[in-house]
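Heads up, the next two complexes both have chain A, just with different partners, chain B and then chain C.
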Partner chain A sequence: MSVITIYQKEAWYDLVSVWRTPGFVIPSLTFPLVFYLFFGVLFSPSGSNSHAAYMLVTYSCFGIMGPAMFNFAMNIASERAQGWLTLKRLSPMPFSAYLLAKMATSLVFALVIILLLFSAAAIFGEVRLYHSQWLSLALLMLLGTVPFALIGLLLGLTLSDKAAPGVVNLLYLPMAFLSGLWVPVTMLPHVMQQLAWLWPSYHLSQLGLKLLAMDQGHAALLHLALLLLTTAGLTLLCLFVFRRVIGAK
Partner chain B sequence: MKTLVFIGTAVLLALVFMLLPQPDATYQLKPAATAASDVSSNSFVLGPVKLFDGQQWREERYVEVRAGRVSQLHLDKPDSELPLIDGNNQWLMPGLIDGHVHAWGDALQQALDFGVTTVLDMFGDHQFLLAQKAARAGTERTKQADIYGAGTLVTAPKGHGTQYGMAIPVIENPVQASKFVSDRLAEGSDFIKIVYTSAKALRRFSPSIDLATLQAVIAAAKEQGVLAVVHIADLPSAEEAIAAGADGLVHSFFSEPVSAELLQLMADEQRFIIPTMTVMEGMIVNQINDELLLQAPPAQLTAAAISSLQQRFGNFQIPQERYQVLATNTAKMAGAGILLLAGSDAPNPNTAHGVSLLVEMVLLQRAGVSGLQVLQSATSAPAKAFGLTDVGYLRPGYKADMLLLSQDPMTELTSLLTPAAIWKNGWLHQPELPAKSTAVTAGLVADFNTGLTARSGGFAASSDSMVQGKSSAEISVQQGVLKVTGTTRPGFAYPWAGVAWQTAASIDTGSDFSEITRIKFNIRGTPGQYRLDAFTVGSWMPSSQPFTVTEDWQAVTLPLAGFRALDMSAVNVLSWIGPAGSFEFEIAIIELE
Partner chain C sequence: MNSAINNKLTLLQLKGLSKSFAGKSVLDGVDLKVKAGEVLCILGPNGAGKTTLISAILGLIAADSGEIHLLGQLQQGASRSAALRRQLGVMLQIGSLPATLTVAEHCDLFASYYPAGYSATELVTLAGLEAHAKQRFGRLSGGQKQRLLFALALAGKPRLLFLDEPTLGMDVEARRNLWQQISQLQQQGISIVLTTHYLEEAEQLANRIMVLHQGKFIANGSPGELKALTQYKVIKCCSALTDAALLALPGVLQLSRQQDGITLHSSHAEQTVLALLSLDDTVSQLEVKQVALEQAFLQLTQSPGSEHADSAKQEHAA
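Here is the complex of A and B:
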């Protein structure tokens, strides 16, 4: 079997195994959709179709974060607890195939969520964007899953399988709210607005809003740099933790 | 097989993205009746025209527009692959810039319908500004004017600007200045607008920040690289604002003649002023709208705009001569070489978006400002004053926001009211004409013998619960009587509960009540002071007439003339509103005479 095939098979089976967990699939797909329809479309101030467009960006961001964080954190934590991770490492399969498979699954979920939200925005929210904007927003959101996957990985490597779901929620929901993904960041109290700079989700959403020229007006490069810096930091941290986890076994 | 599935999925994905809707992709304009026949592109050559470039009249006769921007001016018809639009030797000038508006709702559409292609918002919802300013960088096809804005203004607790029901941050001392300014910039403000009344002013209408705070805010704005403009209403405030370093003054004043020192200082240091004569004309004289607009309203003027133009300020008791002081001040400032910006202050009473900028320009001209300066005041002057680099001129690189006029605006300024063509971002703009309302004739409106049927429109319970108030109302019909039960409770700024008659099928057109003089109805119910509210299309503030109700049936007749500032040609709702507290009343036989 060629190396490429191993990567493909691992990715495919990871996707299948997640796909066969309705308890994961249904909430992660419907949660952002229902939230968006509710807050982005139904509660849209009348006479404003920019609201639905603004919220499309933030809820897309919210949507793609979920599967990335949960898929990594929960599955790795439980596979670690079950000894599956040890088995995988002992098998001749390159370990990166395992991680890339998880990444691929997160991307598939992100893509489905993006398609659902975009369709909802186009049909119910009357959002009209240029093809370039639709496409670049989708691409940005797909790329944007990386830092959240890393956060998930970090949690999956450090937490027990019982603690993982709780801790992910504890991070995911407040982070989404504080980054202005549920209600526009400008509506948050001033202190929270400043704290928003801490969260990668804030920078991702601002980059997305920049595509629609609805952002807060900070430099795109600044957001991008902070996002890359966070990603780099998380990568290093993951490597460090990974070594320790392996060393302990 | 797998490859097929893969390719299939990819194709499907591409298809979904192709199908996602684009802005105005199918938007088609009717061909213009004028020179402009090609509406499918924002690249073209227009000429021959007599060209005012925002600053001066040019030799060039042809304008080359590419992708919505002026790319070149030509003396002769250029050899180009671009479609040629015949300018018929008419007059071409930059789209107008309104130097003072408060924009929300459809303000930007209304502005563009009158050739106002850019507005400067001097205080409004920063969310609106943030959402709308996105569009101004590009040259996409749009139905709206570009907006630059101050966002939330800088004022003292309970000061001018806080009275509109919007909770806004206020400033109390100079220490807060730097953060206050940076907060505004974070919200998306393009410049800072400050409200100031000097301690030396003869009349102080509402609390104002003190001089130290004014100086601190202006210094903070400069430090953070934005303009600071100051709203003033009298000479001492103007002098102190300019001395404190304000880049410009918002409003002029009629309290006393302008001082030589102020003229000198403003001219030397290149400060500007937006006199907003139209709104002051409304406070003092109240004639210009009737003369210019209301005798024969331009077709683009909506019923809501007309009602706004007819609206009056409360009675200020300002002697008429004061207007002459204002006009003289304006002329002196223009004469001293101070940069003058035309601004309407729409939608304040006596003004409406778009159209009132033209009124302002006429008022500037009548005050004695030269024709060239008047044209500059709505084009290059605001661009210079506010450092706008996209609009205000018809020169290479600037947006192709243009007006084609059938008469020379230097001699016939009112030709701006009926431009031969408007281009926004190089796209020909076709103003949307408001729908006409149908006339209502005298006779029975409803007798409630066959349910809620009315001759036109319909009845419905109405209360402030639709705007999150705490009042409630219910209606029912039995044997020729419309019964209304309700409770008026405080909870909304203007609590109400009762029954509303929407006079036509569409609330956007309403009905023409011009032939009606009185409304008559029979009513009984909880004794008290009731009122009949009448609404003009597009306006959310009713005009009211009170009447008394007793427990016995009585016929009430109200003259329609008793509704102040009601536009009879477009009445969309009449509401019978109950007294405070719990009530119950019955109405029978509603007639128009």
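Here is the complex of A and C:
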């Protein structure tokens, strides 16, 4: 039994435990799909598949954000409150195994959501993309879960188990709207378009749209730099809070 | 028995451990020693500092001053090495493990943390939950949950085991079973630090009981020694004597009347009984009892001075 086994088991049982929680699985998987079918495919203003393609990117972004934020914030807050986290800290388990397990669960959910949305886009939205575009969009969205996982971690470390779900929703839904994930950002008022620059979800969706040449036309490097900067800032903040809440380990 | 233990290795030693929160002292220069094979029971009312003490030892919080030696190593701040944690077992009061995982899955996960520990199947057996191996944690009874947590604490075959209120929520039978398991662990040479509200538990299990009160140990001794600390015995009987006559008996400290008789607290029970019988030949239902540990404990933590406790401490040290 090696250290790798601990990482594997930790990841597997985190996934199993989340998978057995219908209250998490059903909304995580169905909301993005249903919203996309509704607003991306059925109510397409132009009836064109370019709208369906545009919304595929933004709803993929919306879809992957949810499980990353909720899995980290809600489960860490409740495992902290129930003392389970303390018991794990006192065991010889490396704490990174705990965090990586949560990350792995978020990635599995992100992958399932991406596959569901891509299938819906191809079948019902008649979206046609090059293989390389499908693949790079999927990879981008998987990598894009990282900043949202960090936001979830930050909330999970600081909020009580009762407050966590509400606060995540309070952040998740406005952030999605203000980043232009439900309604294209170009249709938002000018002020809100400028505020969109604050959110990592805006930059992630613009990078995705750039793969389909449908973005607002700012430099990809700028979006990437801001996304990385946000991620780095969140990492530092998490480390700081982590030391305060969990201790030096 | 004590001398045999004294020659053994010291697994845990605290020297002058202090901790205060927001200016309020919670631990005030605590000294403590646990030898190999010893079961130490820490008793104290709520707010005495038991949880803070255990948290400081385990590195969940950093003490302000003092030394913590765990398994012979001086510990710094609030971090404990993985190598050290592999040799410790901990059972805390926990709300819940992830409720959707089964008993077998929890055991499998915890077994993987300890390469030299028990296998998952062995842990299920240790918990006595073979029949519930496939049951989810959320569907276990309170006692079954405690048994699982107890087994998880043993996952690494620890040298030193910390049990925080281990029998909370258990029925009488489950409690007795756990006591039996703890006694077996002691026979295997495992040292145990146990906190509990059940004084019967301390009497049953501990080699040594330490009473923590307002961040200080006010008593330290075997269950028998602690009982001897209390200077009085309880005499119950039915007697025709008046209150004044009863209070005038030698050694009587206190008198109370119940429907079925009277209760006397006496510092010299034999003389009291002798005098009582010579004055009143109608005495019936006579009963002389050592004070239960519970009462001794209450007396220790309630009396303003604790000279008795201090003298016992010195006796023990000597």
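Going forward, the second predicted complex is superposed on the first by the 244 of 249 C-alpha atoms of A that agree within 3 Å, B and C clash if a C-alpha of one lies under 4 Å from a C-alpha of the other, contacts with A are read in each partner's own complex, and residues count from 1 in each chain.
Note that contacts are C-beta pairs under 8 Å (C-beta built on N, C-alpha and C of every residue); 3 or more make two chains touch, one makes a residue touch a chain.
Since the structure is predicted, the reported quantities are computational estimates derived from the model, not experimental observations.
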**Request:** Give one word, clash or fit, describing how chain B and chain C relate on chain A after superposing.
**Result:** fit
**Request:** Based on the superposed arrangement, let me know which partner A:Tyr202 touches: chain B (first), chain C (second), both, or neither?
**Result:** neither
**Prompt:** Centred on chain A, what angle do chain B and chain C make, from Cα centres, as a multiple of 10°?
**Reply:** 170
**Request:** Please work out whether A:Pro92 is in contact with chain B alone, chain C alone, both, or neither, and reply first, second, both or neither.
**Result:** second
**Asked** Who does A:Tyr59 touch here: chain B (first), chain C (second), both, or neither?
**Response** neither
**Message:** By the touch definition at the top of the document, which applies to A:Val16: first (chain B), second (chain C), both, or neither?
**Reply:** second
**Request:** Classify the contacts of A:Trp84 with the two partner chains as first (chain B alone), second (chain C alone), both, or neither.
**Result:** second
**Message:** If we overlay the two complexes on their shared chain A, which of chain B and chain C does A:Leu129 touch? Say first, second, both or neither.
**Reply:** first
**Prompt:** Which holds for A:Ile6: it touches chain B only (first), chain C only (second), both, or neither?
**Reply:** second
**Request:** Check whether A:Phe118 is in contact with chain B, with chain C, with both or with neither, and answer first, second, both or neither.
**Result:** first
**Asked** Across all Cα pairs of chain B and chain C, what is the smallest distance in the superposition, given in whole Å?
**Response** 16
**Set intersection of chain A contacts, chain C complex versus chain B complex** = none
**Interfacial residue positions of chain B with respect to chain A in the complex** = 13, 16-18, 20-25, 105-106, 126-127, 130-135, 137, 183, 186-188
**Complete:** Listed in rising order, chain C residues that touch chain A in their complex are 58-62, 77-80, 82-83, 85-86, 88, 90, 92-98, 100-101, 105, 108-115, 136, 152, 155-156
**Complex contacts: residues of chain A adjacent to chain C** = 1-2, 5-6, 9-10, 13, 16-17, 20-21, 79, 81-84, 86-87, 89-94, 247-249
**Asked** Hey, which residues of chain A end up touching chain B in the complex?
**Response** 47-48, 50-51, 54, 111, 115, 118-119, 122, 127-131, 134-135, 138, 184, 186, 190, 193, 212-214, 216-217
